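Structure below; questions to follow.
Letters A, B, C, D and E mark the chains in the order given here, with residues in each chain numbered from 1 onward.
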Amino acid sequence: MTGWPVLSILAWAPFASALLIMGLGRSRPGFVRWTALLGTSVSMACALWLYANYDLAAAGFQFYEELPLVPSMGISYQLAIDGMSLVMVLLTAIIILAGVFASWTVKTRDQEFYALLLLLVTGVFGVFVSLDLFVFFLFYEIAVLPMYLLIGIWGSSGEVRPQGLFGWAFGRTGVGTKEYAAMKLTLYLLFGSAFILVGMLALYVAAGSTSFSLLALEAVEFDPGLQSWVFLAFYIGFGILAAIFPFHTWSPDGHASAPTAVSMLHAGVLMKLGAYGVVRLGMGLLPEATQQWAWLVGTIACINIVYGALSAMAQKDLKYVIAYSSVSHMGIVMLGAATLTESGLNGAVFQMFAHGIMTGLFFALVGLVYEKAHSRDIFSMGGFATMMPGIAVAFTIGGLSSLGLPATAGFVAEFLTFLGAWSSAHSWWLFPAVIGAFLTSLYVLRVVRAIFWGPKSTDPHFQNLPDAQGTEWVAIVILVGALVLFGVLPGLALTPIDVSTVPLLMRLGVL
Amino acid sequence: MGLSAYLALAAVIFSIGLFGVMTRRNAVGILLGIELMLNAVNINLVAFSRFHGDVTGMVLTVFAICITVAEVALGLAIVILLFRTRRTAMADHVDWLKG
Amino acid sequence: MMLTVLLTPITVFLLLALVAPLRRSGRPAAFISILGALGTFGAAVQTWVLVDRLDAPIQRVWTWLPDSQGALATVGYLADEQSAIMILLVTLVSLLVQIYSLGYLSDEPAPAIGRYYVYQSLFAFSMLGLVLAPNLVQLFICWELVGLCSYLLIGFWYKKPSASRAAVKAFWTTKAGDVGLLIGIVLLWRHTGTFDFGELQQMAGAGLVGVDGLALITFCIYLGAAGKSAQFPLHIWLPDAMEGPTPVSALIHAATMVTAGVYLLVRMAFLFALTPDVLLLVAWVGAGTALMAAILACAQNDIKRVLAYSTVSQLGYMMTAIGAGFASAGFFHLLTHGVFKALLFLGAGAVIHAVGTNDITHMGGLARRMPQTMIVFLVGTLSLAGVPLFAGFLSKEEILAGVWAGGLTGPFVMLLMGAFLTAFYMFRVVFLTFFVKPAHASGHGHGHAPHDAPMTMGLPLWVLAAASMTIGIYFMLHHPAEAVEAPGWLAPVATGVALGGIALAWATFQRQIINAESLARATGPLRTVAAHGFWVDEAFVAVYRGILMTLAALVGWVDRYIVDGVLNVISAWTVSGGDGLRRIQTGKVQDYVLAVGAGVVAILWWLRGTM
Amino acid sequence: MDPSWPLVIEGWLFALVLVIFVLGLFRRQAGDAVAGWVTLAGLVGLSIAVWNAEPGRVALEGTFVLDELSLFGKRLFMVASVLSVLATQAMTHASFRRRGTEYYVAFLASLLGMLVLASARDLIVLFVAFELMSIPLYFLTGFLKGEKAAPEGAMKFFLVGSISSAVVLYGLSFVYGAAGTTDMSAIPALMATVNPLVLLGLALMLGGLGFKIAAVPFHMWVPDTYEAANTPFVAWISIAPKTAGFLAIFRLYVEGVGEGAVLWVPIVSVLAGVTIVSGNLMAIPQSNIKRLLAYSGVAHIGYLLLGLAAMSVSGVGMVLFYLVAYLFGNMGAFFVVQAVAASEGSDEIEKYQGLARRSPVLALSLLLFLLSLGGIPFMAGFWAKLFIFWAVVEQGMYWLAFLGAVLTVVALYYYLVVARRMYIEASTNPAPIPVPVVLMVAIGGCVAGILLMGVYPEPWARAFMRVAMTLFSTS
Amino acid sequence: MTLEVVGFWVLAVLLVGSALAVVLTKNLFHSVLWLALALTGTAGIFLMLEAEFLAGVQILLYAGGVVTVVVFAIVVTERLVGTRLAHTSRRVLAGGAVAAVFLGVMLDILARAPLAPVMVPMGADPTKLIGMALMTRFLLPFELLAVLLLVSLLAASYLARPEE
């Protein structure tokens, strides 16, 4: 395959299948699904090929592709991946493959659903593989926008309608409906992208360079004052997507309302995209500002961890619990990055991967439970393990990973992050992080017990529910398998991560 | 008289015209205000022309006058059309389109 | 060889977990698992022999977490004197329990049996991994995994609300301790740069471990041990853990997992030796736990709960020994306790299996119906009570000697009182179960009369009873070199105390010379306190409900109404801003002109300012 | 005839006006589809001519130039006009059937004004062209005089427009007064000496031109006019006269002025900011899609002013890019509106409910147009916004860029509200919406435009930068 | 005080007065007449500025043409409506404020501008120069004017015509 534009194939294969689906898929559901599967499988194959062929000894960016797009502005379609993006690409491929399987049963307007989903995936892949800031941004926006329709059309409205304090504002914005969630998510993320855009342009202009290439900008030493505010702009912009406190509120509403595959993809991959942005652009390009603001990033990450966990404990809606747990876990990611240590940063990237798989699994399972029981109210369900043992076991494994149980990927990430936190300049970060992990065990097991491993509910709606079937199994098996595999053999992901984080930290001068 | 006197006079007339267009309720009245404003401009132009010893200002005045006439004709036609459809004389009564 | 020890159970686990039909078939799965356990036991014996012959630790590691220096963390095995003998215990009990379970769970549906053996295999692997861990990371990994297995097995009958609650409780409580352990490991890594036991020991030996801040580290590690080994106040989960099947209690909550904390401290003794303050704490808490649990055990009517509190109490003994600086004594007790407590649990299981209840007041007079069970149970009881010739006697005496030698008079007295109570409550159980006439007519759940357990259950009992005796007699004859020379009066005193306890129990329950009720009343407020388990549970519930859940509810509210509320207010303002702004668009043309005029004026005003 | 000769195109257009006029005299009874087709044919021919024209010639003592900028303007006007006339062919209103020639005469006359305006290098030519462009617009707004709203829209447009013309003329008189000549090439020298009279004149003209380009607070005629007038025409005035306004601004304030142009940065920035904010905010509560597009159009003017505020080569170049992107996006959106209105009889956004199920292609087109207007990647509008921000950031005006970027989110809100109607909500009426072929061609052209520019912006950006360069190099 | 100054002031007062009357009087018809006066006054100013041709144009086209058309329109519309046209003002304060500030700022800026103190004689007869300019340099706008007038007439007749 040498000489092939593997990265382009990887990124555009889903798009191509989306086009095919839009063109030929009208009222041919089988065609739609198999085409979607084909597209994502091609991506998966490419991702695996990349993984197998990435030269760890050489490290750095590999599989370089370039095509001038707007040469007069220095914008070019420039793709390459390093270890970090390799792992992210792998994650994306896994999640979307599972996502296609998980949404096999989507019945309404499946043609558009798959097309939009695949478009979204192209955006995500694009972000991870692009080396040109501008193309990065381009894909970034593509990754955000289809979400609106995906949630708006195929989502589900919650039952919560907050009243009381600020009730008028909630009434005005329409809290609780899927339309609200869709709009909030889309606009909030695009709001963030406004910051990113300005920051990017400022860097480009300040560099006086003629290229938007990450490599070219990396070589520039920016003025500290500029670095300082551009870093903040990146941090807010990407941080919104990474659900940093207090910009996280789109995530519970959005994830709770979104259809299964979208929640999977969004919580699983898109939130990582935010963290990836902070690491790649914020830390990668602005070394001094990174050091300057590390305290802020880390402190907010600690708030995220504990606050997200406590919020999750307060929820009664299953999807909200998962969504808030994502908020908490993204805190681990940001904390790991903020430690500016090798193990911390490795942990952050690994957590991106681990949490991606884990939360993808969660949303897939929640989707299944919802589809079968038509309920998301944790405390009305009960004893499902007898009826759906497979789902129960998978959910438990996901939960255990999320509370950082060893032999699942979650532990590796958290452990590395903790090591990093204590080694950092702000060693107290360790304590909120560990406490957050403990709180996670509280709410996760509470939920797991309430729904699956407890006395059976007497509600007539919750009798004789089927277990997962057919393609749904495939999704579950892929995700659980990945979760355990990378938990048992973390080196599989950690080795490529390490070869890309170490140079980054060297540039920061902390290693 | 110096140039400034003419310019000041034009400015006063222009302001009065402006005042007229902002306050008159009748559409024709507003038109009259516009006439005043254009008239003030003509004074300006001719004065400048004279004090520069250059004829272009006057040429522009000619154009301005002719255009004004065309404008007035069209304006009155619109006013008549409005009268015909809305049966009202007041420009501020015509406010279906708003917000 | 060591790899066989680890790989056999994990292979069995994977086989049973992944091959669903096999798992669902029940008994075949059990046979495979037992076969595996047998193999593991064999390998463990070989390992022991090997280590004994080589007289040097065998270690092998593989990189687990790579980093730029090569390896941040490794996994592998470290077979030395301690771990070799420990795996012997683990594999033995594990094997016996698996055999025993075959009979015990015979009424369960096939898939449940399959599930049970999946958990068992995973447990065996995790526990062995823990014991053989060459470093703290692997230890922690397996530490958590055994906790998971404990959770799964306690909740084995998850349809019972109490079981599922107990499972979660066990997990949470031990996890709280694990938080400490994890922090300790992280801190220690930062402190020394390594996770490896060998390296740590070398550094400690060479005086390279800085003492500044070390106390915090050892304290944190102790927290983990306290959670796992049920030290006050984290002991609350262990009695509830009795909701699991009894063989599980024997294996996990008596012989192996709960002793992991002790094992950890034994492993880290060289480090704890550097922080005497923490050691003192360990000793006092251990002694307190031993005494408190003994008191609580007296107030229980559930046979398993008595044993559970007894386990807590005995763990306290071990901890006290470690705290006194005699880790080897604690470790010795760990081994003997593992054998006889497993025996007791399995015996109790046989009784429960036979009569269908846990309540000793509903039993009685079983000695005639279940003679075999009575004999083995008595062996276990005598061992636990610390009667000479039985395994527990020596190890307990060694602990008492160590504590005395360590100059810890207070704990020593507490332990002595504990020993008295131990003998008392255990014989209370024995008398009420096997000898006294049943207080209530034998309306047992089973329609038929209780009888001795089938072969699968009986064999393990006899093996363990024999082991208890053998160890006791063996050590009586070949007195091992003790770490400390016990004062001459200790053995008689200890024996006397034990016999006193037995006598009191005999007088109260067998002969009923002393009215049990008045005896209880004589203890006064202590009785109330004991009945409520020292309110430790209530305190935890209060913290959980009162503080944690309230805080969570508060945060949840803040998130929805303040953080998100502000966002919604801003959005609503934006929309309202549009509403308000569109009102300037009055539709009246004069206003439009006014706006143009105002705009021009504004521009001119600006121009005037710049000129 | 060689179109590179100045005035050749204008001459032919003049001839076309006369042809249509005469046609109107003779074919009064025959229905005026013919007039439309003749106009279309003529415009297409002229478009080809314009595309073949080379810049560089000057005529009439320098009052008329055929340079890069004017060619850009002429081409844009031509494209807009062809699209608009195409869409007009789909109009079935009685006024068009009976009096189409009047419409086309006025339309072409206005276009003639624009073409001349693009080339004007003299204040008098500029002014007359300006008026020739404007006065027919008032009439065209009221063309559907039988409709309820048309006379009102025409009246408002006319009155505010005339006043603005007066202000422009007043300002012009001061510029002349300062220079002593109406030749615009005299302005740079005056700007260099910061002559108060010329500043006063240009400031006044800024107000008047602000009306033409519909910057806040001079924008108030826009929504009413858009709502009142017939849609193909609205599509046209939403871009063509505004482009003319910007060309005039470039000629007056930028061309050849060089560094001196920086003087205008503060006021233009403020105008841009106010326009962006209020345009976007006022668009939010609209329930009529034409009004919504009107206000969003106002906001877009703000972005254009943002580019102007950069007062740099890239700023101007990006404004040009933006104008073209805006042309395709906005006109396309209006054409879809026209199609829906023809079928549903209303411009209310409610009527778009379930459009995606009824007419997927139409809905998708509108979605693409709206996304382009909202600045979403792979649409022309994305690059347009981005280039604008770029130019602004280049000048260190970060806050303006922030403001603009953040307000695009507000813009997306109301675009997405429309998208929600079309895609998320279900329709009560499943019948597809009939789209006349001409309209389909126009919509298709616009889609092609935004996608072409969006996917491969390089040649466009390069060309526009070259145009912008000429404005700065002739000082 | 030369005759010129006196004449200017007389004309100025006349102009301003009649202009004020245009915007303030309550009777629309009177307003138009005041406008005619103001336009005529402007013609006087043109005469003072030695622009006789323009003064003529002003009287003929403006005062004559425009006023006539307006009067005609008023008559037509009054016939249409059937009542007398009311002619009142609104938002006088706001309008007055804007106009006053406008005037103030204008005068202030003008006061700072360097202005030519005396008239410069033209090389030839202004009328002739205008004519020449129209036929040479400004031929294009002149032609455009023709189109403009044509379109205006067409438009006015279209709009004002009752619907057939």
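Remarks
Definition applied: a contact is a pair of C-beta atoms (placed from the backbone, for glycine too) under 8 Å apart; a residue touches a chain by one contact, two chains touch by 3 or more.
Everything numeric in this text was worked out from a predicted model, so none of it was measured.
Shared contact partners of chain A and chain E, listed by label: C, D. The chain pair sharing the most C-beta contacts is B-E.
Seen from the Cα centre of chain E, the chain whose own Cα centre is farthest off is C.
Think of the whole protein's Cα atoms as having one middle point; the chain whose own Cα middle lies nearest to it is A.
Rounded to whole angstrom, the centroid-to-centroid distance between chain B and chain C, based on C-alpha atoms, equals 95 Å. Computed centre separation for the pair chain B/chain E is 6 angstrom, with centres defined by C-alpha atoms.
Centres computed as Cα averages put chain D at a distance of 31 Å from chain E. In this assembly, the C-alpha centroid of chain A lies 42 Å from the C-alpha centroid of chain D.
Residue positions of chain B touching 2 or more other chains: 7, 14, 17-18, 21-25, 27, 30-31, 47, 51-52, 54, 56, 59, 63, 67, 70-71, 74, 78-79, 81, 91-92, 94-99.
Residue positions of chain A with contacts to 2 or more other chains are absent.
Residue positions of chain D touching 2 or more other chains, listed in rising order: 124, 127-128, 131, 135, 138-139, 142, 145, 154-156, 159, 163, 167, 196, 199-200, 223-224, 285-286. By the definition given earlier, chain contacts exist for A-C, A-D, B-C, B-D, B-E, C-D, C-E, D-E. Residues 123-124, 127-128, 131, 135, 138-139, 142, 145, 148-149, 151-156, 158-159, 162-163, 165-167, 169-170, 172-174, 176-177, 180-182, 223-224, 227-228, 285-286, 291 of chain D are the ones touching chain B in the complex. Those residues of chain B that touch chain E in the complex are listed here as 1-9, 11-20, 22-26, 28-29, 31-33, 35-36, 39, 42-43, 46-47, 49-56, 58-59, 61-63, 65-74, 76-81, 83-84, 87-90, 92. Listed in rising order, the residues of chain B touching chain C in the complex are 18, 21-25, 27, 30, 91-92, 94-99. Across the interface of their complex, chain A is touched by residues 356, 371, 376-378, 382-383, 386-387, 389-390, 393-394, 398, 401-402, 405-406, 408-409, 412-413, 416, 419-420, 423-424, 456-458, 461-462, 465 of chain D. Note for the complex: chain D touches chain E at residues 7, 14, 17, 21, 60-61, 63-64, 98-99, 102, 105-106, 109, 112-113, 116, 122, 124-125, 127-129, 131-132, 135-136, 138-139, 142-143, 145-146, 154, 178, 195-197, 199-200.
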